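Look for subunit A in each of the two complexes below; its partner is subunit B in the first and subunit C in the second.
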Partner chain A sequence: MKFWKLALASAAIAWLSSTVSLAAKTALVLGIVLEPPHLDPTAGAAAAIDEIVYANIFEGLTRIGPKGDVLPALAESWTKSDDGKVYTFKLHRDVKFHDGTSFGADDVKFSLDRARDGKSTNAQKGLFAAIDKVEIVDPLTVKVSLKQPSGDFLYNMGWGDAVIVAPESAELNKQTPIGTGPFRFDSWAKGSQIVIAKNPVYWGTPALLDKATFRVIPDPAAATAALLAGDVQAFPVFPSYETIPQFQADPRFKVVIGTTEGETVLGMNNKKPPFDNLKVRQAIAHAIDRKTLIDGAMFGLGTPIGSFFPPHHPSYVDLTSETNYDPQLAKKLLAEAGHADGFKTTLKLPPPTYARRGGEIIAAELREIGIEAEIIPVEWAQWLDQVFKNRDYDLTIVSHTEPNDLNIFARDDDYYFNYDNLAFKELVKQIDAVSDGSKRTELYKQAQKVLANDVPAAFLFQLPKTGIWDAKVEGLWENGPIQANDLTAVK
Partner chain B sequence: MNIAWQTSVGKALSNRSFFIGLIITGAIALAALVSFVWTPYPVGAFDIAGKLKPPSATHWLGTDHFGRDILSMIMIGSRNSIAVAFISVAIGAGIGVPLGLWGAASGSFVDEVLVRFNDLVFAFPALLSAVMITAVFGPGTINAIVAIGIFNIPVFARVARAAALSLWPREFVIAASAVGKSTARITLDHILPNVAPLLIVQGTIQFSLGILAEAGLSYVGLGSQPPMPSWGRMLFEAQTMISIAPHMALFPGLAIVITVLGLNLLGDGLRDVLDPKFE
Partner chain C sequence: MLSYFAKRTMIGILTLLAASIIVFAVLEVVPGDPARLMLGMNATDDAVRALQEQMGLNQPLLLRYLSWLGGLLGGDLGRSYTYSVPVFDLITERVAVSLPLALASLAMSTLIAIPVGMFTASNRGKLSDTATMGIAQIGVAIPSFWFALLLVYVFAVTLRLLPAGGFPGWNAGLGAGLKSLILPSIALALPQAAILARITRSALLDVLGEDYIRTARAKGLSKRQILYRHALRNALIPVLTILGLQFAFLLAGTIIIENVFYLPGLGRLVFQAITQRDLIVVEGVVMLLVATVIIVNLLVDLSYAIVDPRLRSQQ
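Entry: the complex of A and B
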């Protein structure tokens, strides 16, 4: 008898506690398509890193907000000298890293010096190129002197690659990231999921979620099933465009089609014949029908672009007519370039749907003007190694999702396009040095025109941000101004 | 001889599974042959505006996500399936049968080594190993053929060896050897013709397995590459569209099922007809 009472009482307690924990459920499971190679945003170009750690685990001096604006982060305020060359940052008080060490001016100096050091593995060293020296004024004040005024400096400091790390933990951030953000790293089951948990001693507004799980689901069909079954509550960038109408019709879900910084291009190896010939590049651009491509590969989602610039930017000019769909002209250009009978080439395609499906359409369109492009599907690791690093490719399709990245065509190493145009490099330098709004807009427009005429790559379309989440979830970003899944305001 | 041949053809045609299997397989082979000269629509041309159309009078089996005619895709895809399965069976039989006959003829040490080697290859799951081979050497039709072919070798070697071993002690073989025929001669003249029916049956079964394997490899993206249509890849592409265009998955799936069914019926029928034990 006594035993039964005890059993009943413990069952009642168990039942009560389980209902309590259900009522206070503040965990969210998000689906991501790509697993990050590691979790250190200061040592890798992969967007998948920032999509987990940016604003959640790591913070910089400034941060990029949901509308692409620059907001204060670890620096509560700053002043700019009259000549625009010295920035003085006032840092937040009482900030602690997740391992308990305190944050101060020395960490800022360490992080910025580390990122721009010759041995640095930072993927975006250009962000720090303008910095001349970083000085500690007092434990909560940092003075950054620039070589020349830079209109983008505060914006650049908001990138995931410019986050502040601690000297004690910086080398271990790849596996156990230690930052100052509202979430701390919890666990990583390789190939499956990454869990972050609320930072109980966060210096700012604490996160509303207790726990967030990023589940890796590379397969579009599995992504659809996982959302429908409720295994994941949100897919910030949903990979299966064709099933979106199904979710739009379902009141349990909210479908948000936003903008991204993802300019999708058909990259060409500009130093490798025949792509070193402007006429061949123009012919290829004229052979592609952007509307067919967007309808066929993206199920109508995406905005055509004629240059390397996002359509939602105030300085955007529509240059799609410069390389309009005109197979006759394409054939003529090809003949003028000495390839009247076309030629054989290869098209390396990374895994995303836009590339694999888009590649089939583009290959068919190129066949119409006599170019036989053999399709070679590659995994991301192969793509980064063969195409991006070793430039062993003819044609490829990829979306460049970094913000403000016009300058990739002006890099000293010529980037993977192997595009070397001194005049354009000069133009990008000017843009960087100008902070006056209207002058900058003018230069941006010029730069877009140079690229549209020079066709270092065929510009296809701007990638949409196809967010789908449970209708009860609030606070996820609608657009993708930077590679991030900021969960600070999500509930 | 002529009369014996006629009776076996008559016997074969009166066997129901052989007859049905023959018709199905013949129809598929005919479709593949016709696709060389004619398909309802060209499969290289995309018609994005007419994508995902359900079956209708203009497109009998509907269109896919690029607006291509699914019937044409299946017809051309059958070429690919048949070619991969046929060549891989040829590789398996071409290498496996001589090895098996050699083992049975020489006995002792050579036989032992061949049998152990066979067991070794058998120990690997065939499809998984084929995935490994194509993953290492790159996806493509040729690599898929080689990968499937390699795992056909021990199957044929085992069948040939077992059948040959049971023939060697028979009187007509002993008689042949008594009149001074060499081992190689006896194998060619007496063993092989008597083993052949079993090999044909096995070949039919391996052929259907080859079609399944090719579809499996293409499904995971390791078989033939676009723009060449392939049944397995058609199924893969249909996967995310299943709620909006179920016909995209249905027809290539049916094509695989019917072909494999036809080949299995044909194999069953052939065994009944050719194997004297079933008389």
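Entry: the complex of A and C
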């Protein structure tokens, strides 16, 4: 009997130590909420793709840095012609793709032409719209001619959708991505995890990690448990706001609340009565208390916004006072619009917590001024179909997470807001054409004011980036200027 | 017996065919375009059209159904829209997690439930019976995800004996794979065991009231001999029926447990495929499940015949 007890105890101890023993310091396990459908950033919009491959596996001519700035990547330098229409990129030499093929001007031409092609399935084809032609000057020099000057061109070339791929491997990138980055693809157990490993022959500063594992954990409670149990060491975008205080109080973890490019808005169908009336839209905006909303739906995380622009941007102006919380004014505006007794409407909510929880609060606030908004929960596929494509909606809540996306209010197809303002469209065109910094800032400010006054949507708050990681981990991004987990400097 | 088997197989095949039509038609009505979903809100219309063409979604419904059915007959389930790998490979990867998990929890729940059912039935009305059945009642009532979280907090977060979730893959070794399935199979097994124990108990009580039990008792057999030799065997039919139902549930109805333990099982595959409108994957998995349910039911029916010799001559 004694023997068995002893044997059992020692077996338990052996097991215990095997579980607790920390993985080697050069390996990191990160949690992600959504599994990417595939790993080709040039053929899908899912943020989950970029969260794994951007800057790790794939690189573009330029790249977006941690502060949202444009940095050189595969292009070591570039020159711009005086009329702003021709960019000449000088490429890094001795760059190799992970399969050993060498990188050069032909790959750049191939990638940009492929993205612009009629058969292209690039999710952000608009990024390449300005390009007229791409020419190879010599094996390490590429000349890109634009149809018109574009102030955003270098920024656009830094998106995950504009990375450089090789003709030999491009079609297979969905399953076995081949890029030029500091990490190469190792393995993917579908539904479970994706592993990337250090590229031993990287052209630039080599990565500090030998291996990084992205583990798919969709459930917020499971994400909390996985961090607490030490199964994952970092959750760059932690899904459960309510357990954040628990981690803040725990010295083993570092909680980093950063910013993102996610402007969260209450979208309104601007062509559908009564939302075609400016006073109704203003009344709705004044009926919403952003602080209550952020406290109630986001556990206090998130920055109020008064227009469609990220607060961390140098050209940002705080316009929240234009549509401050004022239910009396809201009622007055409604009465002036001929809806003194309010009206009935619908509010379609996609799955994310910010929308579902935020929607309940907003519906309650609208009731205060007499608007009865019936809540209709929808899944993403339905949202895209009903709200986005067919514009069959009154109100909806969604976060627009792309960077530099002020232009969605100036789209020729009017986007799902059905907002059609010629003056604003003209303004956005000007912004795109200007590359001078101070002039651009001025125009950006003007554009923000137009939207704040016109209220094509009620602007709510900027989504936070809630990162939690082991206190010993260093080098992960605090903010999310693009949706990526750049691991190049992580140790 | 043989003609019975052939008849059942025919019915099975017809059911499969009907299921294929229903599944295909229902999914067609569901709003949402997989191509638009992949490319997101900023995509231009021609990019979406190009992707639809790549996926073969621009073909008429009937043509797509027939080509899918044709593939199905040849063992080809098509290619996933989102992952763009063969659906068959996706499913086999997931079955490698779901099947061992289902079998382990089924074995666990049977090994707990039958002895408990026998114990309580033979101690009917005593304190031990009431207490055990009370616990079983709690087992039925507790939501499985809550119980699963409790297990995670005790064994993974506090004691750090087992991983909080995830599945390292069988390549990582049999030990690591089994270790990651321990907590999920307990979480699945206990509520099932509670149900099964109640069924076993009541089936046994019914049987124990029969005349032949009294005869056996009069013959001088001990209580224990009666329970094992006569009562249990006769009480097994309802137990087997429930077991068959439970197996089908355990194979694919475990999405909640798979989520809590972030296991790459069939339930999550199908859930993910539905939200991403990866219809061809949904269709593949549903067909697999329909086939499984048909086969399991057939096996259950056959096992009735083994348990109860009277059924053999009836056919």
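Definition applied: the second predicted complex is superposed on the first by the 457 of 491 C-alpha atoms of A that agree within 3 Å, B and C clash if a C-alpha of one lies under 4 Å from a C-alpha of the other, contacts with A are read in each partner's own complex, and residues count from 1 in each chain.
Please note the rule applied: contacts are C-beta pairs under 8 Å (C-beta built on N, C-alpha and C of every residue); 3 or more make two chains touch, one makes a residue touch a chain.
Since we're looking at a predicted model, the values are computed, not measured.
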{"item": "Partner chain(s) touched by A:A221 [first = subunit B, second = subunit C, both, neither]", "value": "both"}
{"item": "Partner, of subunit C and subunit B, that touches more residues belonging to subunit A", "value": "C"}
{"item": "First (subunit B), second (subunit C), both or neither touched by A:T292", "value": "first"}
{"item": "Partner chain in contact with A:N122 - subunit B first, subunit C second, else both or neither", "value": "second"}
{"item": "First (subunit B), second (subunit C), both or neither touched by A:D231", "value": "second"}
{"item": "Touched partner set for A:K439, first subunit B, second subunit C, both or neither", "value": "neither"}
{"item": "Subunit B versus subunit C as contact partner of A:S240, first or second or both or neither", "value": "first"}
{"item": "Subunit B versus subunit C as contact partner of A:P377, first or second or both or neither", "value": "first"}
{"item": "Touching partner for A:A364 - first (subunit B), second (subunit C), both, neither", "value": "first"}
{"item": "Common interface residues of subunit A - those touching subunit B in one complex and subunit C in the other", "value": "221"}
{"item": "Subunit A to subunit B touching residues, read off their complex", "value": "220-221, 224, 240, 242-243, 245-246, 292, 295-296, 357, 360-361, 363-364, 367, 374-377"}
{"item": "Partner subunit A, residues of subunit C touching it in the complex", "value": "30-34, 36-44, 46-47, 50-51, 54, 82-85, 90, 93-94, 149, 152-153, 156-157, 160-167, 169, 259-265, 268-269, 272, 275-277"}
{"item": "Interface residues, subunit A side, partner subunit C - complex", "value": "12, 15-16, 19-20, 35, 37-38, 43-46, 118-126, 174-175, 189-193, 215-219, 221-222, 225-226, 228-231, 379-382, 384-386, 388-389, 400, 402, 405, 408"}
{"item": "Subunit A contact footprint on subunit B (complex, rising order)", "value": "44-46, 48-49, 51, 65-67, 139, 221, 225-227, 239-244"}
